[in-house]
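What follows is a single structure, written as structure tokens, with notes after it.
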Amino acid sequence: MGLRESEAKIASLEASLASLESEDILQKEAIVKQIEEIRQTAYTHMDAWDSVYLARHPKRPKASDYIARLFDDFMELHGDRFYGDDGACQGGLASFHGIPVTVLAQSKGKTLEENMKRNFGMLQPEGYRKALRLAKQAEKFHRPIITLVDTSGAYPGKGAEERGQAEAIAQCLQVFADLKTPVIAVVLSEGGSGGALAFSVADQIMMLEHAIYSVLSPEGFASILWKDEKRAAEAAKVMELRAQDLKRKGVIDTIIKEPLGGAHHDLDYVIAQLDEELLKQLERLMKKKEKTLLSERYEKFRRMGQSYEGM
Amino acid sequence: MGLRESEAKIASLEASLASLESEDILQKEAIVKQIEEIRQTAYTHMDAWDSVYLARHPKRPKASDYIARLFDDFMELHGDRFYGDDGACQGGLASFHGIPVTVLAQSKGKTLEENMKRNFGMLQPEGYRKALRLAKQAEKFHRPIITLVDTSGAYPGKGAEERGQAEAIAQCLQVFADLKTPVIAVVLSEGGSGGALAFSVADQIMMLEHAIYSVLSPEGFASILWKDEKRAAEAAKVMELRAQDLKRKGVIDTIIKEPLGGAHHDLDYVIAQLDEELLKQLERLMKKKEKTLLSERYEKFRRMGQSYEGM
Amino acid sequence: MEQLFKTRKMRLDLFKSRRSSDQKQPIDVPENLFRSCSECKESIPFEDLMHNLYVCPHCGAHLKLTAHERIRQIVDEGSFVEMDKRMTLLEGRTFPGYEEKLERLQKKTGLYEAVVTGTAKLGGIKCALAIMDSNFFMGSMGQIVGEKITRCIEYATKKKLPLIIFCTSGGARMQEGILSLVQMAKTSAALAKHHEAGLLYISYLTHPTTGGVSASFAMLGDIILAEPKCLIGFAGKRVIASTVNEELPADFQTAEFVLEKGFIDRIVERKDSRNVLIQLLRLHERRVSWD
Amino acid sequence: MEQLFKTRKMRLDLFKSRRSSDQKQPIDVPENLFRSCSECKESIPFEDLMHNLYVCPHCGAHLKLTAHERIRQIVDEGSFVEMDKRMTLLEGRTFPGYEEKLERLQKKTGLYEAVVTGTAKLGGIKCALAIMDSNFFMGSMGQIVGEKITRCIEYATKKKLPLIIFCTSGGARMQEGILSLVQMAKTSAALAKHHEAGLLYISYLTHPTTGGVSASFAMLGDIILAEPKCLIGFAGKRVIASTVNEELPADFQTAEFVLEKGFIDRIVERKDSRNVLIQLLRLHERRVSWD
């Protein structure tokens, strides 16, 4: 039984629990016990497809929730200075434990209305260019950058192609690689394809336990390789898109534990860990000389995928 | 009699000359003499409004004529890498006496069709951003820049405002002020308002004898100050928009002489002078240390308009 | 860390009370005078208007401020020190009627030119400050405006100060011809040096910011703020409408429109402007422990 | 100065004659073979096609080249020295069927991976060169493609060489998962260093340049050239059409379309490509008398 089915089952058990008369104590206890068992089994035996489910869970906290809780005095700044202001990219200044930081977030909405404005967290070229502008501004003022990654991927739209999303993403990759200020990336939920990578060229990459980060969505992967979008669950299992897989491969550095059932069950728990880890890493990175910082960042990405022979 | 009227008169005299029988020798000689007199008077007693006429003369050579004659192997490069490729701004690489240079030109067309493509030499934001891109590229490779100025001004269009022509012009002014490579500007014909200024932040500013360079077109000036566009001729006379006025004010450095009647009467004459002067200045500027070059450029603009009291 | 925040909060509260007390003392205002809102045409007692920072209590319109009223609203009380106050044009006033108009405006406004420059403290942080005044020649930029702003920028660069410019301008001062145009280049060049020095420049756009000022220092801020509904644009609306031969959208060239097009960072209401500026200055204070 | 030009011209003529003689020697081609044009479907004798640089003589379509044919067309004869020729994946071929497919392609193409890297001279100027080959796994970028290109860039940086990359790619190598995605970052980081060193990078886009390659090194050239009509884009046309729920223009994502949108510098026909590259390299030769 996958997590989707388990949660459905729990929901139906909770419904029957509610419908029981107050005197059916034994029956109630049995159901409660059954719910607890399902919960334990489901949440402690999660596979990759379950992580995909949690990463996209409607109740999963969004970037704005983290911004509100992690930072003081967030002042959002707008616009790419070329074409527009992309609602899917929220950027601005904030104070983190008294340290001024630039925050760059991929933001999904919480309501349909907000999601229309935020394009469901899929950035347009303007979003990457806004991030680039604010990143260069952060560099000017030696201000560390914290990025929050949550996007299913770049937006497959006509305008996004016309206005050069390929170029915009490529610029992010090149500029962040050489940005003379510390950068920390946190993969919150979905880290899909080039859109996520554009915000992940960082000195330290953290990832929430049930976030996913992959070359493509499982659906896209199944569709391209097996011509069958419905085999997404199967794809998820071979794609190694979970935090634990990525840590093993050296693509991310730190896993932020989530409470049983996912971040939305206890956001404070996640925030507390993230806050501690961010402060620790920020202080570590801010101590480094610029040259060391940059050469270590270079080496970090340089090392990814070194298993070849026959040169 | 202004130049417009003189040229009209000459044209009608030439027509009657052509209609005369071949035996009317005396009559012919009289007309030829009359033409020559008008020509001499007209071309040697030109006022500002006559310069406006010549600067906009349909036969006046365009930036593309100068590019073809001054440079070897011009390779045009396109695009701003943000939104589009502006036909009103022609930029590219070329060789000038064996020296690689970047050429940035404001280009009017010669036919209606070409003018549609080139928007009559009025740049869109994309044009300024293309120039900025190529200017930064020139800086990367320590390649001198030669700009050719010929625009009636920025384009008063809806899209140009939406895509931030104010920002694009401002960026040109700031970036060129600090660009770490020699820049020479040549005002070819019309240098109108911020659109022209964006291409004129240079170490050396040359101007053709009958080109004009002003805060606004005479028509616009008359319309704003006197609410009467028809007083453009009068405006031209008080605006001090001729090369000689600008040299006196310290806004330009060198005047390139034109043949009697304007550049279109003998382009080779203009090219020969321009070629010599460009080479001389280029060699002079390329010898300078970067720091000297930049501080002299700064001082050049810093000094403009220093007549104040009462600090 | 917590202590730091407490201190900050205390300081902030102090400023707030100081400012509100400041605002409660009407200065030099004849009693019982009314002014009508330029937007909704409602008649408002002058004193009410002043206490409301010259924002119309009926429709929220941000009415025109003099440079000195702006300074009073923004800076720590008594901290403003003016620079180059009496600078005026020595030559080049030859355009018919120009000299007379300048003199008339000087008498009327008490200003010598369309910008007031100097230094001040905001929340205790020293910065260089230039405030344009559209009561003087529609805030148009001639040689003196260009020169004063350039000096202010240069002073900021030399003293490593953050810079704030409140923009309002109808564009270049036509009467000064080409020498007004080149002020765009001069001020932008000075900003290039300030930028190279790693210093903060906040540009604050107010109604209207157009023409040559919009296409130079107004658009070059690290951070660009704007007052609600103010007009921001390069070319004039009427000229554009006749070029494109179509109706322009109602909000064309408003701050809200320009924000959506990606060219300004935030729209800040007048009541928040001092606090926002202080917050920005604080976030850019030079940290001893850093670099 | 004149002498300099004469020498250059002589050199150029020499190269031209060298290349044309080069092209007149058919190499390893079985006689009387025909190939049909992928665009107009005309049948063309293989030898004619080869002499025409694999451009269809009927419709001008620029047909697919192997990496080695591209090298033959571009570089000074005999000047190419390959790097990392036999580099292949040691681990991470676990995806079902992936290992077999790699081996099959290696046998079929004679290549070890989808890119050939090395150094060569063009018009006598040495440069680093990477040429992708879409015959191998649609030119998709996995760890080896990323590693070889990164090494090639790093070599160019170390030896202060200009760099030319001929791009053609269907995108990331899905079978290698996240490690294919991060090659975009790795190659872009290497280019950042090459760029910082003030060196020239020319990106040359050929059919098709899409996905992860388009969103990394393909779009980072100082100068970006493209072959006529080649497909350039990030997202797939079908996906976009279903997202926007409308017909896309016929020329959507063609080189001509992308040129108009401002993202490439020039469209260069295959017959001109060698000369254009040489001209660009010459214009960027390091001048002794300068800096």
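Side notes on the structure shown:
Per-chain residue numbering starts at 1, and chain names A, B, C and D are given in the order in which the chains are listed.
The definition used in the following text is that a contact is a pair of C-beta atoms (placed from the backbone, for glycine too) under 8 Å apart; a residue touches a chain by one contact, two chains touch by 3 or more.
Here the structure is a predicted model, which means the values were calculated and not measured.
Ranking all chains by how far their C-alpha centres lie from the centre of chain D, first place goes to C.
Averaging Cα coordinates per chain places chain A and chain D 34 Å apart.
Separation between the centroids of chain A and chain B, computed from CA atoms only, is 53 Å.
Among all residues of chain B, those that touch two or more other chains are 81-83, 163-164, 167. Residues of chain D in contact with at least two other chains: 195, 261-263. The touch graph of the protein chains shown belongs to none of the named shapes. Annotation, chain-chain contacts: A-B, A-C, A-D, B-C, B-D (touch as defined at the top). Taken together, the chain C residues at the contact with chain A in this complex read 1, 4-5, 195, 198, 200, 222-223, 259-266, 276, 279-280, 283-284, 287, 290-291.
In the complex of the two chains, the chain C residues touching chain B come out as 84, 86-92, 95-96, 112, 142-144, 146-147, 150, 172, 174-186, 188-193, 195-196, 211-212, 214-220, 232-236, 239-240, 243-244, 246, 248, 252-253, 261-263. Chain A contributes residues 72-73, 75-85, 93, 95, 97-98, 100, 126, 130, 137, 140-142, 286 to its touches with chain C in the complex. Listing the residues of chain B that touch chain A in their complex gives 81-83, 129, 163-164, 167. Those residues of chain B whose C-beta lies close enough to touch chain C in the complex are 154-158, 160-167, 169-171, 173-175, 177-178, 193-194, 197, 200-201, 213-216, 221, 224-225, 238-241, 245-246, 249, 251, 297-298, 301-302, 304-311.
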